[in-house]
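Chain IDs A, B, C, D, E and F follow the sequence of writing; residue 1 opens each chain.
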Amino acid sequence: MVAVYPGSFDPATNGHLDIIKRASKLADKLYVAVLRNSSKNCLFSVEERMSQLQLITKGFPNVIVTSFSGLLVEFVKGSGADVIIRGLRAVTDFEYEFQLALTNRSINPDIETLFISASTKYLFLSSSVVKEIANYGGCIDDMVPQEIKGVLMDKLRGSPC
Amino acid sequence: MVAVYPGSFDPATNGHLDIIKRASKLADKLYVAVLRNSSKNCLFSVEERMSQLQLITKGFPNVIVTSFSGLLVEFVKGSGADVIIRGLRAVTDFEYEFQLALTNRSINPDIETLFISASTKYLFLSSSVVKEIANYGGCIDDMVPQEIKGVLMDKLRGSPC
Amino acid sequence: MVAVYPGSFDPATNGHLDIIKRASKLADKLYVAVLRNSSKNCLFSVEERMSQLQLITKGFPNVIVTSFSGLLVEFVKGSGADVIIRGLRAVTDFEYEFQLALTNRSINPDIETLFISASTKYLFLSSSVVKEIANYGGCIDDMVPQEIKGVLMDKLRGSPC
Amino acid sequence: MVAVYPGSFDPATNGHLDIIKRASKLADKLYVAVLRNSSKNCLFSVEERMSQLQLITKGFPNVIVTSFSGLLVEFVKGSGADVIIRGLRAVTDFEYEFQLALTNRSINPDIETLFISASTKYLFLSSSVVKEIANYGGCIDDMVPQEIKGVLMDKLRGSPC
Amino acid sequence: MVAVYPGSFDPATNGHLDIIKRASKLADKLYVAVLRNSSKNCLFSVEERMSQLQLITKGFPNVIVTSFSGLLVEFVKGSGADVIIRGLRAVTDFEYEFQLALTNRSINPDIETLFISASTKYLFLSSSVVKEIANYGGCIDDMVPQEIKGVLMDKLRGSPC
Amino acid sequence: MVAVYPGSFDPATNGHLDIIKRASKLADKLYVAVLRNSSKNCLFSVEERMSQLQLITKGFPNVIVTSFSGLLVEFVKGSGADVIIRGLRAVTDFEYEFQLALTNRSINPDIETLFISASTKYLFLSSSVVKEIANYGGCIDDMVPQEIKGVLMDKLRGSPC
């Protein structure tokens, strides 16, 4: 099973890392794929996010960090993968994810989406929440890997907020 | 990846068969495991349900029909499997399934639950709905495999409803 | 438009009456149809519920109180109706009602289900809640029509609760 | 029954057309009303969307394509209609639609909102999804009427995405 | 603020204890009130559950363990309390709790229901889940207080399951 | 109990006022705290909103109108409060509020969030809905206090909508 775990990862949280750990045990090869989305306003560049992901996944030999633009199913097919991995948190997530999975299946029925439930302690964690707390000087130690904490602090220090 | 797809399958529907097809492509070996639950009132015996499942999955060489009682995670571990497969339909499903997955993970963190979304056309299909329609003489041709339709009709013909 | 509003009505509440009022304005003829369901344990007999409904709908000349058993869509077709009316309250309702509507459509695509949202003040009102409150002597004046209040009190007075 | 089916229709999908078909069977006259909303960024102009709707509804003699701005209930009253038609898809939809229906009822209690469930195969289809897939060159044949497919492709061909 | 925290507590879990801890900090006096419900099939008697609750809440001087039957709002008023405390877990919970709160408010508008969110780690924990796992010999160490674990094991040892 | 009821209040609705009434009965002191959020586009300035809130809460001696920016839990701690009050309406609300409450608890476990359910008649009321209706000349008499109605009409009269 070759799988793709797509996302914005702006920045990667402990919740993302948890899904990567779980998925890398099940897949022979796992692509962690940063979405290049020009219309979304991101804090870190795609390249910065890829470096961060490489740093925090270096202990997983079958994880490959990459990026993509355009239709996800096209990228999955082009990578020789057959599975998309998505983490599930709460109900709002679920409906959006369901729509994505069924839409992707309608475009390419050979690619399956597998959902993994987030760990209970990360159920309500998101990159936006992390950024907002960090921005106001709150403690994010349990929310992101140590490597991410450093770069996030550096990035926000220079920001006018 | 060795996976277990547990359920009541009373009887198996096209929705169940759809999940079995998808999961059997991803897993090296897939156990379809009928739950032996003495407190639940089933139309078919566990043995009947196993026979039906064997009939409709005979085209899938890596699918093994079996049954279990007690804690699911114990059965999964005992089978040498590492993954539980669950189909997801609507939101009500989702919360129940989430609770099950997180509870199973708290008992045995080595076993992962993977959710697959049902096909759009089976999103609102369930064994109970099929039985109710069949019971009142409605048409269930698109809801169950042909083999199941026969045994379901036979079973209900003799019933006093 | 000839419509059927099916339900248990055990007993009818102000919420049911509100839906009947709204639907009777839209339909040329509206059947209020009590489900004969031997497996459900009801407080009032089907005949008692039909009498109560006739009493509270006597001001609506195009409303006909009736009963049915078996598949709803068969009853709708047999009545010459083309529409099923259902009241919607909260999200849990919605999923169940959606499943019913799509199942009914799969049995007979010519029959449409139309949902009307309950009035805000009846959004969390149900026959079960009314019975529970009445049973313990709570005030149900705003929850059921006066005629229903009388028969409900009579019925519960004799009950061993 | 004179009904209004309001929406953005940017562009109309097979899901919209499905609701129009169902609603036009129930209503004596059905207005399909494009919302003129200056604050929403649309791909097609109101006039283009009206032309498209006229094209795909020309087989329904009781359907009238029109547009409106301001409060929906004012438009409905001004059109001599008494019913608003809304398609329901998933749970997120449902809450938003419920809020709209109850708000509209609080402004004008004489106007009723009727919800029709979308067909199972269109449950997760939306104009935004169609545009995103078309934009990246994915196949939208099962998602929009043929006439819409043409204009959508023309529109996107010139776009810088 | 005098508050009542009602429930079945069959048995009390760490999730219940967590809500008791939080609520006892906010209230001057907190009644933990076991519901006497003859129609619900409980593993422990009301008296056993009260003893267990007394044991695990003995460190909280303002907590009083009691029981009640009939309408909750009557009990609350009779106790001189003005607040009902309820723990919230997932969405299904929420709708049920909302219905209860609004129903109770319609019976007695002077009594307020306050919801406290469960701790993340107890979000999917329930007495039923604990009993099922214990019944099959699974580990419940993180799910119930030590005192409850002992009595639960004793109770189930003699059971024929 | 010293409590904080935070929000945008742009403008305050009858729903907000209802929560303030309920909360002010339970708390010894209640801060109604307007969020200073430079990134959110508001109709009224923070100062205007504070004046409006002072006007409509002048009958509640233990209510103090104030404003805050930055992390809510920091403001709560700085005010000597121990409780955050939030009104709950529908399911979408609930998930967002849950995430906020659990995030705030992870930053400061000493501060508790208490949820109060909105009155049934305000369940689907929001500041945005009020502004949209007022903007198009609809009647908002049941939706906002009289004092707010005046300033809202004044503000919108000059606006180019």
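Simple rule for what comes next: contacts are C-beta pairs under 8 Å (C-beta built on N, C-alpha and C of every residue); 3 or more make two chains touch, one makes a residue touch a chain.
These figures come from a predicted structure and were not determined experimentally.
Considering the contact criterion stated above, the chains in touch with chain A and with chain F alike are D, E. More C-beta pairs touch across one of A-B and C-E than the other; that pair is A-B. With centres defined by CA atoms alone, the chain at the far end from chain F is B.
Inter-chain centre distance (chain A to chain C, centres taken as mean C-alpha positions): 48 Å. With each centre defined as the average position of its C-alpha atoms, the distance from chain B to chain D rounds to 38 Å. Chain A and chain D have CA centres that are 34 Å apart. Shared interface positions of chain E, defined as residues touching 2 or more other chains, are 90-92, 95, 98, 102, 106, 120, 123-124. Touching pairs of chains, sorted by label, consist of A-B, A-D, A-E, A-F, B-C, B-D, B-E, C-D, C-E, C-F, D-F, E-F. Residue ranges of chain E in contact with chain A, taken from their complex: 90-91, 120-121, 123-124. Residue ranges of chain C in contact with chain E, taken from their complex: 90-92, 123-124, 126, 129, 133, 136-139, 142-143. Of all residues in chain E, those touching chain F in their complex are 1, 22, 25-26, 82-83, 88, 91, 94-95, 98, 101-102, 105-106, 112-117, 119-120. On the side of chain B, the complex with chain E involves touching residues 70-71, 73-74, 91-92, 95-96, 98-99, 102-103, 106-107.
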